[in-house]
Amino acid sequence: MLVVMNANATEAEIAGVVHVIESLGLRAHTMPGATRTAIGITGNKGAISLQHFENLPGVAEAIRVSKPYKLITLDLKQDRTIVDIGGARIGNGSLAMIAGPCAIETHQQAFAIAEIVKKSGAKFFRGGAFKKIVSEALDEPGVDLVEKYADMIQIGARNMQNYTLLRRVGRSKLPVLLKRGMAATLEEWLLAAEYIMSEGNYQVVLCERGVRTFAQHTRNTLDLAAVPAVRRISHLPIIIDASHGTGKNYMVTPLARAGVAVGADGLMIEVHCKPEEALSDGAQALTLDEFEQMANEVRSIHDVIN
Amino acid sequence: MLVVMNANATEAEIAGVVHVIESLGLRAHTMPGATRTAIGITGNKGAISLQHFENLPGVAEAIRVSKPYKLITLDLKQDRTIVDIGGARIGNGSLAMIAGPCAIETHQQAFAIAEIVKKSGAKFFRGGAFKKIVSEALDEPGVDLVEKYADMIQIGARNMQNYTLLRRVGRSKLPVLLKRGMAATLEEWLLAAEYIMSEGNYQVVLCERGVRTFAQHTRNTLDLAAVPAVRRISHLPIIIDASHGTGKNYMVTPLARAGVAVGADGLMIEVHCKPEEALSDGAQALTLDEFEQMANEVRSIHDVIN
Amino acid sequence: MLVVMNANATEAEIAGVVHVIESLGLRAHTMPGATRTAIGITGNKGAISLQHFENLPGVAEAIRVSKPYKLITLDLKQDRTIVDIGGARIGNGSLAMIAGPCAIETHQQAFAIAEIVKKSGAKFFRGGAFKKIVSEALDEPGVDLVEKYADMIQIGARNMQNYTLLRRVGRSKLPVLLKRGMAATLEEWLLAAEYIMSEGNYQVVLCERGVRTFAQHTRNTLDLAAVPAVRRISHLPIIIDASHGTGKNYMVTPLARAGVAVGADGLMIEVHCKPEEALSDGAQALTLDEFEQMANEVRSIHDVIN
Amino acid sequence: MLVVMNANATEAEIAGVVHVIESLGLRAHTMPGATRTAIGITGNKGAISLQHFENLPGVAEAIRVSKPYKLITLDLKQDRTIVDIGGARIGNGSLAMIAGPCAIETHQQAFAIAEIVKKSGAKFFRGGAFKKIVSEALDEPGVDLVEKYADMIQIGARNMQNYTLLRRVGRSKLPVLLKRGMAATLEEWLLAAEYIMSEGNYQVVLCERGVRTFAQHTRNTLDLAAVPAVRRISHLPIIIDASHGTGKNYMVTPLARAGVAVGADGLMIEVHCKPEEALSDGAQALTLDEFEQMANEVRSIHDVIN
């Protein structure tokens, strides 16, 4: 942490801050500058409260320097994490595609979709009724169910900071797909992943699905810069949900292409046999024809950048 | 719902949209305008998917007209809801003050604070160890505990869309304090209240605690316009959390005054005996002296506007 | 426009709204619904103030239906606009690349950069000292200068709603590059383009350069969904500024690839001979080597999707 | 500035950063911590580019410490600035009220409004036709006009970063009302004031008028925490525009009360004789009756907190 003093802070005020730092068992590094003095703090094991210092006399501002996570970082582990879902992999350099309907309406429909998305190269299925299934859990009993019948547990955006749920999936043997909360900073999202990992489950895939901004032309604003930002800090794989990330059918394919071009490890896409009859979220789903064409395009883009 | 056609939509495209509307058992009202035709839809019981229509040929845009809530509205109930917490009331025209430390550190400390905030007119206590206690529940077992030992269940901002938890408190006999999610629209917040009420619990108090914006000078941006906006739509009481809503000690009193001036039914404030020694969130807590002065000011402001 | 009445609005209130509509010379279409009545308004030439109606007795909400622009729309002109900059083109299906240093430091440097970016296929140059130059104007005398020495006038994000400046470039014979304001909705941005075009200059290129959000890992959040959104409404070409849109050197190439993959007509990229010595904005500039590799990748991606 | 190294940065990388700092004529303060080394930089006169350092090998992050302004700060001048508008004052502890119609429609109307708002204690008038007039300038010729006919120059939100215009009013003898840009950080806003003052005009009043967020229930989100935040840093007076800050008539009075309660030096309010007939922005204007009642309430609140 760095404590920045007011330009007209007195010697006594500076000494006061140093005293507080040392009384906490930490080390103070005083740096007199042209107009202000700053005081660096080292020696802390965990986080110190910023605002603890902001109220001391003569202090202009306290600035956090250390990040509160460790397990997710490249500092700890330089090799990229490869997540294994029943033999299929995310993060190994190939393009992972998680496809399927938002909700299963009939078995017949689910199998029809599964058949075709499989041909297009998707190895994972969303929503049930298939091998290598990714399924969302909303609470602890939900995790029990997903553990029985599916291969990967999805934590939705609304639950990204539901610590009870994060703790539970951190003790699961299944890999976890962690969606970014709609107002989560990069740091909060990585902290949620850290929280899962701190319980022992290291098989975590991050999923960017758009954040909330003032913009009204999409349901969410897909933040593709999150991909290089995560890469710079973390060894965890990251995929893009182009369906929820846009909320509009006509945007899904262009943004899926952009997600692969920016360097994501995979895509999550909603597909529907007859989108015009879909019961929920139908209008953001691709038809099977649209899915096939999108899959061809993103595979070619993936080849270009690898 | 209103479906707006492109300026150059053909007669056949307009007829197509009308056909889809009627095949859903709804009624279409075609309104030819100077440059475009719009088609109103009536007769629907629940919500229709906007995007269902946006993909039809010739359609420029679909616009939702009806709101998805009913129980929270003044349409349903014109008298303001008064919430009863063991005999003390929120929403009856007097100013409710919920005060206390963020976390209880010692019994001695808790009682010392309780003693003084009570003198200042606060009737509720946050964090435990006192009568008429408001306590947060993070999950279903947490609700069981709060039901045993406290008087009001708080749902935190991070859990505002945790439907499992909302359903559980909707079946509780205790009143619920529902904090706004940090990126929740007014509509989503009111929908969460509606969700609780639809399970049978009508004793809900809304709490504005700041939303996330680009601004960096506060932890959250307190959205005080939410108070008149809620009043125009709903009969539920609404209070302001000036501590979490700012995250900075020196802002708490001015924003608490503003919260009362804008017309809120009450305040939630963190208080601490020795803020400079607080273990968590200390720097946003008021000292007991600061609390007393703030309480005097807000009571006078409350008198002015009532 | 659509006026939505309260659920308990009286017949007299509905009649009152209809009366106001008709007294303005417009036509009212009353649509009684299951719980509320809505009233469609047609016949208006320009925009009507939403809030004019929101204050009438019994009104819950007024919703704007028509968009306030016309010249930029596909309704008016279905062929894509191709902008001509001294013979080179943006919007004709090939990939336009505008490259160069943020500010010219020496002539020698400018020519060195120009030489290499030209080899990589860039046809336009930013910052001066080259043929087919794009240069920013900050005010009216600035436009006079740009008209003398350059080939395209850039309007920066901070000036997107500087109507004096927009009017001036609307009367210029040079094409205009219109950057999106950092908090501009899609509609406001298109309105700014409409404003330029309404003065007679139809040669407008839109440039997405990131918007301001709560996210802190980039300088701005690049909103790539703006590309399909603009395509659905407008015939104007749109390019992506991956340098200002991220503010970080290591993000420029991935986001440039994403910009081409999402379907943009071109890119704007900052290049620098010796970025570690750059006087301003240097850290977001690509080195010449990085530029060449990026250019190769985006050309391949452009081939895939065309 | 503070440069934070990666946890696994080598000695050579640390030495490299120190070398760059020293070669720029600055002083490096190396602080080895438990997991990472941080390097403080002192001795710089102006701002150093953050990103200059972020690209050096081994660097995790660079953090700016000094703020880029000086003239606006309490460091420079501890007495509050009092701005004089033809004898009337803003910032002297009394409550300044700037009231008037958005645009003058007839002389008769302007005088009728002026008469009544004057009785309610407003000393300034917006929009013309009265003594002590505040009038907006959109460009340099606009400033010439305002200088001839009015008493204070308003810079609107859209022009907050129009540096040509800021420079011009910085050389004027009239005081300046500087509205906050709708996506401006506190720092950018204060920098714009600094820019005006650096040209010699120290008579600047800040005006908070709402920022753009995801919230849709108001036109803008009024950020009242800006008032204590400005007070902590600057000697300049600050007022609240409750009309544009909400955009809705029914919110103006509650937010005006909140603005005074939070400690602002004054208010800006739109008033209209017959709001239902107003040509522009009418629905956010108060009637004369509403204005009088609001004025009474805010004067009482001002008394409470002073």
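A, B, C and D label the chains in the order they appear, each numbered from 1.
Just so we're on the same page, a residue touches a chain if its C-beta (ideal position, glycine included) is under 8 Å from a C-beta of that chain, and two chains touch if they have at least 3 such contacts.
Please read these numbers as outputs of a predicted model, since none were measured by experiment.
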Copy pair chain A, chain C: interface residue numbering same or different (half cut): same
Greatest separation from chain C - chain, by CA centre: B
Between A-B and B-D, the pair with more C-beta contacts: B-D
Cα-centroid distance, chain A relative to chain B, in whole angstrom: 27
Residues of chain D engaged with two or more neighbouring chains: 183, 212-214, 250
Chain C residues touching chain D - in the complex, by the definition given at the top: 49-52, 54-56, 138-140, 142, 158-159, 161-164, 181-183, 212, 247-250, 275-276, 278, 280-284
Interfacial residue positions of chain A with respect to chain D in the complex: 2, 4, 6-8, 29, 31-36, 38, 40, 42-45, 63, 65-66, 73-76, 212-214
Parts of chain B lying in touch with chain D, wherever the complex brings them together: 183, 185-187, 211, 213-218, 221-229, 232, 246, 250-251, 254-255, 257-263, 297, 300-301, 304-305
